């Protein structure tokens, strides 16, 4: 279904342009990290690609028909969305949607929960989880579908050091198994560890795109340089 | 001034009030506010002093009302008559009956559907007395006898919906729009006479009632203008009411 | 005043002597109303959810009209159903007029907008939570509706109970289409109207208290059932 | 059937000839109902919020009873108000029986539980969002109630409109306490009941259509007003 | 109002102990960082101190009466709570609660918004902010009250590098002005930069408390050691 091509894509809400115009291609392989200051449009860009944000102008195209593409993606939201169900039922939900019998869906979900350190929480109502546990649930729920492309919006923001490491391993594994990953993060260390290429957002526009090594060594723009150093970006 | 008069649904449905009230306003400047309720409720309203007078047609209940001291006196104003209505096919052949009693006997014999008011109103009480006169007891009837438990209009609607026999006062029937397949089949037996009476509420019990105005109204209702209007009131060319108030 | 006291006594007498006429009337009231609530819920709950998840041209207007239909005057509904079911009406051949079925039809018409409207409002808040997730998971319309109805089921109970309350206390419509026929279509409210017309205020009040007691009991029952459920499922 | 067509024609005739009797009746209907809705909202909305933010011993039971009271049978309310206002009742001296005031009182009693109940449900969801914040900010009860009512005002409109619908279509209670006196307490619903009793179905239907048109207009009006507000305040 | 003393304090929900028993004292000066793996009870501990979580057993005592203490604290939640109002009204809300006139409250709020880089967003509805912007709003709203003690639950999780630095400066400033800060974070760098002492949570218990330099140099327990290294804590 890849590459994903954005061609002059603009996200506009009530007359206000949030992001764009964006020209960008997400190729078939790699792990793209989206970086940029708060409010620069990372979330909006990911939502635009995933089809959650309406394209006000320009185009967002998959290599396959849209309907096909929609079924093969997964998305982890910046603030995890918990269904008012038990943890196991939350994780099993995408399987249930695909008609997997309840018993089997639940047992698969239990395995995934265990991989993300939620093994003890299976029967607890998801809305009562701790912040980090919610992020883990969201990750498990996204990965259980074994999507071809996975969008992650700061998925490790509330995780402890060990969990971050474990999840990075799982993500590397998924990538090795052929899942294309596009991820927004503020964690510079994580970006360095995972990225093959970087999209740097600034003021609602894609300000710079580059392969990761080049970006981290020598960003092309002053803004990206300042950003990497944690300086004031103006 | 204005006074409140409790009347029964059959009186209101006759349409006579639409003729009388404007004339009353013109003649004696009185606004008569009609509170239209069931017979029992009308008597209750009088009892509680919520209206200044009542106009009903249920002699026994009226006398009990007076006896208990709720009203000052009873003044007969006019009468009309009850009629038997039924499906135009007339399966019980009551159109050929001699008397009301025999008509009811025919209905009972054929077990043709009959709808009763079933609400203890003046009309209902009259109907029960007719069954009794015919030597029959509605309590023993089967499901062909249906007690609707409703006002005259609602009961006529039920009868029209079921193609059933029903007893009504002539005025309600003539003014009734949803006739369906129903027809007037029997009338004219003197027992079907329906007397309306006016009873002022007793000011000794309820000092706030407007006795003066009520007296004016009573005078007017028993006077000549009223007589002319009542006797002259017609629907489809038929006279409905007969004025029969006597000068005091 | 005195009538209220007498009414209370009357109510207790009726309940404790298990007056057979009363039992028949209460039984029919419950049968008609519960059936109507079930049918109206089957239509109204999904309709409310459907209106939440679909964006179409005259959506706001449709919702406004639905809200307005909450105020369908019972007498008009009664008249309408009467005309439909009357011998000379289009459904006259079924002979439904003055039967409990006719009363159920009238009640369904009256309470469906109410149930749909409250359910719409409830579901709307849940949808605000779930929107991104369910869109992201590429759910079908029907899957969205079922997820929302299921996860919102406890709140939807209020919608059903509101419908129940409205239906069990209604008199204008069922008087017209049921006819208040003794031993056939007489229910609590029509009996109360009848006794009021007869001037038997105490007895009418007594029946009224029975009706209120019935409604309170059903509400307490449903609430405690749904609480039990909360403890076990969650 | 034919009556329905005639009713439609009748409705148009009534509206377009601006029949003065109709105007008087519509005016009174609106006056009574709007007043009742305002009073009931003044009681019901804060009551609903109050029930949300307070935890007390019989809270659940209170809410269940409130829900049950949504089903207060109008005839019983009518009777009750009648007994209170009757000359031989406790408030008889005020001479309120068979006046618009009496009708307002009856409607307030009927719709306050409805408004409180729907508002309770709406506010409950908002409170789930705001709870931690408002507790943390050490708000007083009254501050909580006002914050919830203010921020939930658009949703609370549904509660008020439901109350409006219920009140404008109600007939059982206002018939008893208003008396349906021509040029004094006659409103749309009582006129409809009257015409139905006379078997004038077409005319009754016509009035019914007028009533429904009125309710729809008011709902559309309120919805569009509240939408305008959304655009400007937010 | 300090010290704050926890004495055998336990937080229990439906029979399950989330945190405790905790014996801990928060002295008058310093900046306490709460660390620990996901689900170890950091949030619950902070809520317990702030009075948001009911104390099921043991005691949580301020040096002043509870009522007084409640008014002098502020709390920034792990997932920021946005009131459905504009940004400026969100930030001004705590002032409004204290009766500050609207105009003045809004202008003070605007100043604080600017300090947190929200100067451009004043008139936007808060629920539409980006993840990082929401956290900034929550911080501004907490600091505008100039609390004596400020609880922060991972307040920088979604912030970019520059924002983190700026906010750390603001927090240091607040501390210099006498605000006692207690903060949960997963960001080891931030902890090192800010902490004067550390509370290490593990499995719902306070596992270790120590002055910051000692903790980071040589944690007393194996679990804390593993945690700092991002190792598997078992």
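When the chains are written out, they are named A, B, C, D and E in that same order, and each has its own residue count from 1.
In this text, a residue touches a chain if its C-beta (ideal position, glycine included) is under 8 Å from a C-beta of that chain, and two chains touch if they have at least 3 such contacts.
Since we're looking at a predicted model, the values are computed, not measured.
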Contact-graph separation of chain A and chain B, given in steps at minimum: 2
Any chain in contact with chain A as well as chain D: C, E
Farthest-lying chain, centroid of Cα atoms versus that of chain E: B
Of A-C and B-D, pair with higher C-beta contact tally: B-D
Shared interface numbering between chain D and chain C [over half = same, under half = different]: same
Rotation angle (°) superposing Cα atoms of chain A on chain E, nearest 5: 180
Where chain B and chain C are represented by their mean Cα positions, the distance between them in whole Å: 36
Gap in Å, rounded to a whole number, between the CA centres of chain E and chain A: 27
Rounded Å distance, chain C centre to chain D centre (Cα mean): 17
Intercentroid distance (Cα basis), chain E paired with chain D, Å: 46
Multi-chain contact sites of chain A, meaning residues that touch two or more partners: none
Multi-chain contact sites of chain C, meaning residues that touch two or more partners: 82, 88, 176, 196, 201
Multi-chain contact sites of chain B, meaning residues that touch two or more partners: 37, 151, 154, 157, 160
Chain-chain contacts as defined at top: A-C, A-E, B-C, B-D, C-D, D-E
Interface residues, chain C side, partner chain A - complex: 126, 129-130, 132-133, 135-139, 143, 147, 151, 233-234
Of all residues in chain C, those that touch chain B in their complex: 82, 85-88, 97-98, 175-176, 179-184, 186, 190-191, 194, 196-201
Contact footprint of chain C on chain A as seen in their complex: 50-52, 70-71, 73-75, 77, 81, 83-86, 93-94, 97, 125
Touching residues (chain side chain C, partner chain D) in the complex: 1, 3-4, 60-61, 63-65, 67-76, 78-80, 82-84, 88-90, 114, 117-118, 121-122, 125, 155, 158, 161-162, 164-172, 176, 188-189, 192-193, 196, 201, 204-205, 208-209, 211-212, 215-216, 218-220, 222-224, 227
Chain E-touching residues of chain A, taken from the complex the two chains share: 13, 36-39, 43, 78-79, 117, 121, 128-133, 136, 153-154, 157-165, 186, 188, 226-233
